[in-house]
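Below is one structure, written out as structure tokens; the observations come after it.
As written, the chain order gives the labels A, B, C and D, with residue 1 at the start of each chain.
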Amino acid sequence: MDIRVQDSDFDAGGELNSFTARQTNAGAVVSFTGIVRDVEPGLSVMEIEHYPGMTEAAITKIAEEAMSRWALSDCLVIHRFGNLKPGEDIMMVATASAHRADAFAAADFLMDYLKSRAPFWKKEHTADGTDWVAAKDEDEAALKRW
Amino acid sequence: MDIRVQDSDFDAGGELNSFTARQTNAGAVVSFTGIVRDVEPGLSVMEIEHYPGMTEAAITKIAEEAMSRWALSDCLVIHRFGNLKPGEDIMMVATASAHRADAFAAADFLMDYLKSRAPFWKKEHTADGTDWVAAKDEDEAALKRW
Amino acid sequence: MIDILYFAWVRERIGVPKEQIETKAATVMELVEELRSREERYAVAFSDLEALRVAIDQELSDFDAQLSGAREIAFFPPMTGG
Amino acid sequence: MIDILYFAWVRERIGVPKEQIETKAATVMELVEELRSREERYAVAFSDLEALRVAIDQELSDFDAQLSGAREIAFFPPMTGG
């Protein structure tokens, strides 16, 4: 398990390759990359606030839950905080397993939980001002799948 | 849509990065990498046979189906044939979308269909001899999810 | 003494990211009532508890939870990570 | 003339990857019967149709399908890609 909370950028492809290279006899690796999307009337900054200390603990707990529910050989979570621009990578997860079903389900689960249970808050800065991104009912509902 | 059937190796991380860089305002990119697993009593070669011509057509049809069923901005499929060794990448898919649910579902769908509907056949070479890999009932059953 | 932390718009409405207070509150709810009665900015920040989440010692909890022994309570809106 | 292609163990049992034949078969099933009656190796390869798949002009099809106008018929086991 490799969990990183950082303000600096990361190289998703490079991380995917080193994650895969660390595995022993994995047959399936799934990755998810979350990217800052532009919004009307033009996003200047996506500010990501987090709760230092709790963030790492919460992600570790979610990752441990994924490792225990599926036959994973490993998982990776990288999540940034600070001021990001459209097109920048916000976060990534990767999962490795002998078989594809476990790798897919675990990555999907990790994303649902990171979205609604890891202490990050997004604030959009546009020409119109700033707005805290509201949590979506559908994201909370997604947790019921697991 | 980028579909490649090739005997040469590919760089999954590099492909993921260039795929992501090609997208305009995607918020979510999901990738899957399939890797040759070792088997008892030791795999010397995983031979992958395919049906030139039909392979490209079948993958294109599956990818078009994914593009029409989910709100994807793009998808990538790379699948190798020839003689591979344990630890080598066999294939990868990547999907890009505004939102994570579409990117995940489409990548999962692509994998299920590539597994059972793209004309590839795997043959394991071990010290015991050679064996055509049998299709699994669970892979056929997985298609019913869609 | 207990540390109270605020994040996102809760932090902005209350005006500080963190403060230390002396309290006899037994539950999160009692602590919220105490804060609400202090000043208008707290009453505003805590006006709709449905829109708030609470963590006790860096673990998600709920408003009925006991505070016994807690060192750090954090209030924030629903999370929007990922 | 029609091209018949074989893949994986079907190719190995029949001994060639491809052959051209003259046939009056109207359906895939009639073509299979014709091949079965030719030689033992065909009878063996086509002994269990449940274990076989067929493509007509590079599109997956089934054993009841008409051959009308087809140029290329391929027989192979269930696919194991991915």
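Things worth noting here:
One rule holds in what follows: contacts are C-beta pairs under 8 Å (C-beta built on N, C-alpha and C of every residue); 3 or more make two chains touch, one makes a residue touch a chain.
Given the structure is predicted, the values throughout are model-derived calculations rather than measurements.
Of all chains, D has its CA centroid at the greatest distance from the CA centroid of chain A. If each chain is reduced to the centroid of its CA atoms, chain A and chain D end up 48 Å from each other.
If each chain is reduced to the centroid of its CA atoms, chain A and chain B end up 23 Å from each other. Between the Cα centres of chain B and chain D there is a gap of 26 Å. For the pair chain C and chain D, the distance between C-alpha centroids works out to 72 Å.
Shared interface positions of chain D, i.e. residues touching 2 or more other chains, are given as 82. Shared contact sites, meaning residues of chain A that touch two or more other chains, fall at 34, 100, 111, 115.
Those chain pairs judged to touch are A-B, A-C, B-D. Those residues of chain B whose C-beta lies close enough to touch chain D in the complex are 34, 49-51, 53-54, 57-58, 79, 90-91, 111, 114-123, 132-135, 140.
Per the touch definition, chain D reaches chain B in the complex via residues 5, 7-9, 55, 58-60, 74, 76-82. Of all the residues in chain A, the ones that touch chain B in their complex are 11-17, 20, 23, 25-38, 86, 89, 98, 100-101, 103-104, 107-108, 111, 115, 142.
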